[in-house]
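Note that the chains take the letters A, B, C, D and E in the order they are written out, and that residue 1 is the start of every chain.
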Amino acid sequence: MIRTLFVLLVLLVLAAAATSVIPHLKMRTELDGAGLEYARRGLEDTGSINLVTAVIVAYRGLDTLGEVVVLFSAATSVMLILSLFPLGRGPTDPSFIVAHTARVLPAPIMLLAVYFTTHSHLSPGGGFPGGTIMASAFLLVMLGSSSTPAGSKILPALEALSGTTFGLLGLWGTMTLGQFLNNRVIGIGNPGYLVSAGIIPLVSLAIGVKVASEFSGIFAAFRKSGGNR
Amino acid sequence: MNPSLASALAVFLGGMMLAASVVVLFVRDLLSAIIITGMISLSASVLFLLMDATDVAITEASIGAVLATLIFLWGKGKMGGRE
Amino acid sequence: MNNTLAFVSVGLMAGGIFLAFLRLLVGKTGPDRAVALDTITLISTNLLVFIALFEERSMLMDVAIVYSVLSFLGVLALARYLDGGLR
Amino acid sequence: MNVFYWTVAGTASGLIIVGLWGVLTRKNILRIGLAFTIADTGVNLLLVWSGYLPGRTTPILNGDVPAAEAVSAVVDPLPQALVLTSIVIGVAVAALFVVVAVLASRRLGTADIRRMKELKW
Amino acid sequence: MSAPAVAGHVLMILGGMILFTSGLGVLRMPDVWNRLHAGTKATTLGSMLFLAGAGCLRPGWIPKLLLIIFFILLTNPVSGHALARAVHILREERPDNLLRDDLENRNEEDEGGGK
């Protein structure tokens, strides 16, 4: 009873706060602040056609490094807990058709993921969506069997390699131009082509591999903690 | 985007999302609640595309359709019968 | 493209989504709702292609490609949960 | 009066309120996680909405949008970049939540948070 | 309108009608098995018709549309099969007038496709 009243009170306070904001809201019609600067100078500064990727990788690259660290710690906690306390009793085998689909389809999905990751400066996509699609390909392999795939042993190595690559690409900017993650270290090239926009495609690839290996590690830990039947 | 078409789609999808989110809290079966949450994420992806956020739409489609649903399903399977 | 004729097709697709959504809400068991989710995602893929046609930017169709692949994975995960593959 | 603009804002706020309501009142621990995910979706929608400008297009400057007119033709790219990372972090945190919930419910034999007395402080 | 535009609009409306019918079937059919028919077979045909109509209207987009059609053709039957099999294993709803059931007495060795 007291709990229900308390919940009602909290929701009422929140609704009142939200209602008091409504008269001050008005529709935005012009860019302002940081968004205006990014839209005006983004293409000249970074050479990336996709302004969202320019913001993620070039302007706010240090923040992205922090986000990757948060993701890393969450994934590591999941893997640690699941390896310390085994749960579950082992999965059943899939049917013939599902097992064979899981052998055929991961290759096109992986191709799609690599396309989205490496073309992040030309079309929608980028490290985070590409990485989750790569993890989905790994997941399809795992749904089509009742054991952990053999390739999951190299996941920690991939994760360390991609994280180190991200850091070293940033330090390269520090050493040559005096700025962390400056993407002009190899020139921005001709915008609109695949080889352009400095180190943005490389950093996107590093982010994608890191996200993919972390999510794949979570799935492999879930599967291993049940024990193979 | 044509304003009237975008408005009609937004009212349609938004109404569906709100109705589904209330149903998630009150449906008896936990598996059904997980499935309906996946549908909310997918509708949110269409709304992101209507708001011209293409990258966010791709991310939400891949996360909401597969990864979040799968993690909750796996957790429910690990829990066994304790509900 | 002709606006009136195009609106007819998008109206039909929205109607299909709505009917499947009703099954998602009232469906008795979990498998009923899984079938309804499958239908909703496939019709939504066509809706995304329609939005790309309407804005005349082929770039927006990348979302539809991702949708068509990953909706399958979601439904496959549901099916594998139901037959005991995720334990 | 732009119907699309305010409809999206209403949907996002409604999702946040419903998610908080679920987190505060539900008993099953996995259902609390689902309500948390719903509130997460609402927050992401609201953030992207704050950068949306009616009548403009995606911030990708290829042949359809020349770079010289970018300032008057594209929506705000900054909130989209923030939400992109927020979604990925959200699902990782949800995975951590699910694992801890499963562990607690297996230890205590129940998924009802009213009976998880040992976790209180 | 030119001939490709007429064909495109006709195909799009036809695809929309089939998609609507599939939604109606999912709502109104009596049990899970019939709903699976409406939800997987009809949407495959409707999607293909709609995407073909879009290809008639914009000939430059045909590669991407073909990619979507390829993925739908490859994935949709598999998900329908997996769902039907899972529902059969659950043994919740079994029609009374079933004449023949190939999965009735399968044993553990028969389903080992994933070794």
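Note that in this section a residue touches a chain if its C-beta (ideal position, glycine included) is under 8 Å from a C-beta of that chain, and two chains touch if they have at least 3 such contacts.
Quantities reported herein were computed from a predicted structural model and do not represent experimental measurements.
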Inset, instruction - Based on which chains touch which, give the shortest step count from chain D to chain E. - result: 2
Legend entry - Most distant chain from chain C, judged by the mean position of its C-alpha atoms: A
Inset, instruction - Name the most central chain, where centre means the mean of Cα atoms. - result: B
Inset, instruction - Could you compare the number of C-beta pairs in contact for B-C with that for B-D and name the larger? - result: B-D
Inset, instruction - Find the geometric centre of each of chain A and chain E from their Cα atoms only, then give the gap between the two centres in Å, rounded to an integer. - result: 31
Inset, instruction - Could you put a whole-Å number on the gap between the CA centroids of chain B and chain E? - result: 21
Legend entry - Intercentroid distance (Cα basis), chain E paired with chain C, Å: 11
Legend entry - Multi-chain contact sites of chain A, meaning residues that touch two or more partners: 50, 52, 87-88, 94, 98, 116, 123-126, 128-129, 132-133, 136, 139, 146, 218, 226
Legend entry - Junction residues of chain C, two or more chains touched: 10, 17-18, 29, 34, 55, 59-60, 62-63, 65-66, 69-70, 73, 76-80, 83-84, 86-87
Inset, instruction - Enumerate the residues of chain D that touch no fewer than two other chains. - result: 2, 21, 25, 52, 54, 57-60, 62, 80, 84, 87-88, 95, 99, 102, 106
Inset, instruction - Go ahead and list every pair of chains that touch. - result: A-B, A-C, A-D, A-E, B-C, B-D, C-D, C-E
Inset, instruction - Note which residues of chain B are touching chain C in the complex, please. - result: 1-2, 5, 9, 12, 16, 19-20, 23, 29, 31-32, 35-36, 38-39, 42-43, 45-46, 49-50, 54, 57-58, 61-62, 65-66, 69-70, 73-74, 76-78
Inset, instruction - Under the touch definition given earlier, write down the residues of chain A that touch chain E in their complex. - result: 93-102, 104-105, 108, 144-147
Inset, instruction - Would you mind writing out the residues of chain B in touch with chain D in their complex? - result: 3, 6-7, 10-11, 13-14, 17-18, 21-22, 24-25, 30, 33-34, 37, 40-41, 44, 47-48, 50-56, 59-60, 63-64, 67-68, 71-72, 74-76, 78-80, 82-83
Legend entry - In the complex with chain B, residue positions of chain A that touch it: 50, 52-53, 87-88, 116, 124-126, 128-129, 132-133, 135-136, 139, 215, 218-219, 222, 225-226
Legend entry - Complex interface listing, chain A residues touching chain D: 4, 7, 10-11, 14-15, 18, 25, 27-31, 34-36, 38-40, 42-43, 49-52, 54-56, 60, 63-64, 67, 70-71, 74-75, 77-78, 81-82, 85, 87, 122-124, 126, 128-129, 131-132, 192, 211, 214, 218
